[in-house]
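Here come two complexes built around subunit A, the first alongside subunit B, the second alongside subunit C.
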Partner chain A sequence: MPVTRSLPDPRAPNRVVPVLAGLALVLVWSLDFGRIQPNRIVPGTGHGLVSALGWGGAALISLALGGSLLLSILPVRRRYPCLLVLITVLLAALPQLLVVFAARQLPEGAPYARTVIGAGFWCLLFLLSLMVVEVLGRLRARYGVPLLLLALIAASWLVLLRGDGLDSLSLLREYQAQPGKFEQALWTHLALAFGAVAISAVLAFALALRMIRSPGWQRPILGAVSFLQTIPSLAVFGLLIAPLGALASAFPVLQALGVRGIGWAPALLALVAYSLLPMVRNTFVALTDIPEHLTDAARGMGMTERQVFFQLKLPLAMPVIIEGLRITTIQAIGLTAVAALIGAGGFGDFIFQGLGQAAMDLVLLGALPTIALALLADALLTMLAASLRPTPARA
Partner chain B sequence: MRNWLPVLLLIALLCGLCAAMPVLEPLFRGLQPDKARVIYQRESLFFLLGHHLMLVAVSAAVATLVAVAAGIFATRPSGRDFLPLVSQVASIGQTFPPVAVLALAVPVLGFGEAPILFALMLYGLLPILRNTLAGLEGLDPTVREAALGMGMSPWQVLCQVELPLAGRVILAGIRTSVTINIATAAIGSTIGARTLGDPVIAGLVNGNTAYVLQGAILIGLLALAADSLFEALERAWGAGVAIANK
Partner chain C sequence: MIELKNVTRRFGDTVAVDGIDLAIETGEVCVLVGSSGCGKSTTLRMINRLLPHSSGEIRVDGKDITTLNPERLRLNMGYVIQGTGLFPHWTVARNIALVPRLLKWPQARVDARVRELMTLLDLDPDTYANKYPAQLSGGQAQRVGVARALAADPNILLMDEPFGALDAITRENLQLEMLRIQRQVRKTTVFVTHDIDEALKLATRIAVMDQGRIVQHDTPENILRHPASEFVENLVGKQDRGLKLMSLRPVRELMTAHARPRPATPGADALGEDDSLREALSVMLCRNLTQLPVCNGRGEETGVIARERIIRDGV
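So, the complex of A and B:
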């Protein structure tokens, strides 16, 4: 008999949202909401909440945060749906605050002046996201609701970013400074990360099958892949330069294909090596953890070994394999950013260029999409795993 | 003692290489004949190793303290309201790539040691927090009830029952955290930390493969040494618990 924890009464006041909302209120009033920079490098002047948005805007934000604080402690019946709507609207409208800020504070006739998002804005975004996570958890929302919310917020942000009001935003300035570069980086990043995941998925499946057929291979294979995982990425990239360089100079064919000591070839190799551990481990565990009585029953029903594998084992193992795929994909997206150090391209290029030029907006232009990609991959693959989880047949 | 042998060997190898890198000059000369210098000498390798270790150790210590405290808080009756959020944050946070976290720390805190230390702590927190929660939540509730029934105070239950039983899972979290942080600290030399990443980055910038190789070998050895240390610790912990249970 599984022990069920007593569920909290849905009408009991929430203690988490007030803490987050209170913290947001304090931070948004005490930190700079945004900065105006005369050009790319000069730090510029910071603007607090009132100076950035005027008393009206400051009051509106404070009201919304205070409102969600009150909503979460007062005895309201539909507490969580109301909170969800309020916070979602706030989140969706966040870029509008930047539009107001730019309109109020950006000096006229200064073509290089740019608005920079300040710590206050980031904190507000972060705490509001935490509030959404908390409220969604309390509502026990299935996958549809978060997805809908995400789509709503993303659509509103895209519309606002495409408008004219945010042209002066430093991130967009960096984006427009190198036309086409961003898209190119995106495709390189995706190609490297997903290419590595695809290759390692195939390899890992083969290795897992090998380990199941001949148990003598289990220790060496698992040992080798976890050894690879332990070596830091920078070291692996570094260690691959010399051998690949030597290979390329020995075989001109490889050189013609673009294989060199630096570039995509060592990056892809290293990414595949890293991706093996989670894939192999999850595939192996998933395929061997299937209860004996199920396979017995399947055989008893007259299934052939092939049918047992494809109709029973594989479907049952799928969620765990997808979980391995999820870990691998997130990891590969992050490591691809590091691979920019050896000239593989992708969003890491912006990060390291920005660090080299002390241009923080360029760093953000690389870091934020990398995080967004990882979060997106996480969300999609989590949903996929959940939808593949076999549900017991109803009698 | 057999547990600790690989650790000692790896540490000896690491220190030996740090000290004896100039002896290997002919080897690296063969790899990179066109450079005047093939041995990284801008900074003593011991200094870089020590600095690297210091960054990882300090961040691991702080992260462990904070994460275990947060994990204990979220599993007590008074903090249980925060449990869903804390565990969500621990798992969502881990999807953030460490490089991106490192990069984001720079605009906020500037270049140098501070942002790296901060980023390492923040990121290192998550695996430990996740494992602390898993370890404490995964305990059989009857164990806790039995301990309370024996007349132990909640504090005694925590210190003498829950933490020792969850210790192994927490230790595994610290191991993950340290492994990630050794790698991230190496990348930190792009934002001005003095770590074993320095020779790699310098080599990449100047096209000096010998530098890259020296840095890469040392970083790899450091990671292996740390990993085998945790392996030995986990075994020792397991043996300790087994003896205590007898």
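So, the complex of A and C:
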């Protein structure tokens, strides 16, 4: 049988999935699946897999994990589609397990009692996600399939979270304790992060063009944006309080706009300052790295400088510019959480409140969506960059 | 017609091109040949104003090029370079359509022209039109480069070492292709190369350059027979000039033609009418033959060529 090195034989056993599935099996049996807390602060009691879900549930999970383990080793036809379906169903059904757990273990007549997601569940979620990523990679799935899967899983989670079965979940308790605040935090977070990225993208583009037009500007501009990057983020937030406060009291117009020493204005400024370096550097490098023989040919064929820029340089630079945009966006989403310290709002509010009240569930209510946002932005921008590559990947 | 009068180009203190005069007649292939750094590429790039000349005058069809808009000037000059310069984010068809689209031709005319050119350059439109440059071999990519240069039917073709990066066999094929196309379209061509054999094969006239000056500007035959200086003599090769002269003449010129074409003997060695005397002699020496049949394009035997004749009259 001829050996092909470029394409691994789809019938060869997979090495990654069995390791992940085996690890998941071990962890889900050895760690607490969930906990029941009598109220917000008291740690409460942990429940293992059997105690949480009963023998039936435990057997079902073990079977599914064992099944994917076997599917990935045994010489099976259509191994990866089968695995994909199995793991997706498992992922989509995860919240249902929490419903079962709550129904089995939550004490009656204890209005403050809550269910808390345990380490076993988190590990299961994490390892299953890794398995999906591995299987999707093996299938060489196009953008549509991962998006569809994500939508399916997210929809099933949303439906279950909105239903009654999970009311006792600690995260939802925290969510319901401050109605409307979560959504407000989401919008503030998005507005700050994406506002900063948008502003810095425009600024960076202008700066990069300036540097290309007049090379004398390269050192000062790159030096300045690199310097901005080296100041610790907390220090920037702090440093901006005094000048912005002074500005606002000097110009009442600014005050009317909501510019103060604390709040969104210093946060946005600091985020823009941080976003500049990756954006400027990527935009500049992308636009100057166009091979000379291409611009030479373009000019020699009679293109004007404008046509060379818009038809040749910009399209070729786009994937690298988007890569800069991706790094910047992820960084801005994370930093926006810190900006809550100077009263900018966003998910950071929950994190710092939770830390102050020693309520880990509240911390998670802020941290989990921040992570989800960052992952989502990363995935979407990676796909965008890939779709803009000049030559199709399956060339 | 392209005329250069006392054209000089300086880069700082160094003189890259030193007061050259050169006239390229309409429809001829002028090959600029010389070692690297002799100013041949600089000369070419001054003709389409990619480089401004420091002094002197360049006229294209009688007009001083500094009075023309540089983009308009270049749109009427096909430009082929060594690295092909194909846009990697555009398909083959879109690359070829570059200049017609800059000239705002209607889409139907552009499409028809792209197909026509791909066929002319022996690239199947259905197979290659939607491929990207990265999916082509070096020779195919350079064919696309030539097609792109010919797309809007310019009067002038500028070629800067177009086949320099290709392997010997592909280069030879493209040179033959280029001769065939030139017979069909008759472009005024300026061709830069450092390969004297390529120059001898393609040129109507060759301009030999050395240190920014033109040391000889003449037909390939005269360059071989009467090299103007030691430098040219070394360039064309002192010892094998006789063979090189033979490679300039086709077999047709010295063969003894039959009264009428007759069917070729199957399986026997035969030459084409357009093969050079040098190839004919080489085959005969190799096979130890005193004469060889000559066939035309349809495979009919039209005459024979004798070894004695080549040796007596070949040079």
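Points worth noting:
Note that the second predicted complex is superposed on the first by the 384 of 395 C-alpha atoms of A that agree within 3 Å, B and C clash if a C-alpha of one lies under 4 Å from a C-alpha of the other, contacts with A are read in each partner's own complex, and residues count from 1 in each chain.
Just so it is clear, contacts are C-beta pairs under 8 Å (C-beta built on N, C-alpha and C of every residue); 3 or more make two chains touch, one makes a residue touch a chain.
The structure displayed is predicted, hence computed values, not measured ones.
In the superposition on chain A, A:Leu312 contacts subunit C only, with no contact to subunit B. Looking at the shared chain after the overlay, A:Ile330 reaches subunit B, while subunit C stays out of its contact range. Within the superposed three-chain model, A:Asp167 lies out of touch with both subunit B and subunit C [touch as defined at top]. In the overlay built on the shared chain, the residue A:Ala367 is in contact with subunit B alone; subunit C does not reach it. By the touch criterion defined above, A:Ala297 lies against subunit C but remains apart from subunit B after alignment on the C-alpha atoms of chain A. Applying the stated contact rule after C-alpha superposition, one finds that A:Gly245 touches subunit B and leaves subunit C untouched.
Judged by the number of subunit A residues each one touches, B leads among subunit B and subunit C. Residues 48, 50, 71-77, 79, 81-89, 98-99, 102, 132, 134-135, 148-149, 158 of subunit C are the ones touching subunit A in the complex.
Across the complex, subunit B is touched by residues 3, 8, 14-16, 119, 130, 133-134, 137-138, 227, 230-239, 241-242, 245, 261-262, 330, 333-335, 337-338, 341-342, 348, 351-352, 354-355, 358, 360, 363-364, 366-368, 370-371, 374-375, 378 of subunit A. Across the complex, subunit C is touched by residues 291, 293-294, 296-304, 307, 311-312, 315-316, 390-392, 395 of subunit A.
Here subunit B touches subunit A in the complex through residues 31, 81-82, 84-85, 88-89, 92, 95-100, 103-104, 106-108, 111, 141, 179, 182-183, 186-187, 190-191, 197, 200-201, 203-204, 209, 212-213, 215-217, 219-220, 223-224, 227, going by the rule given at the top.
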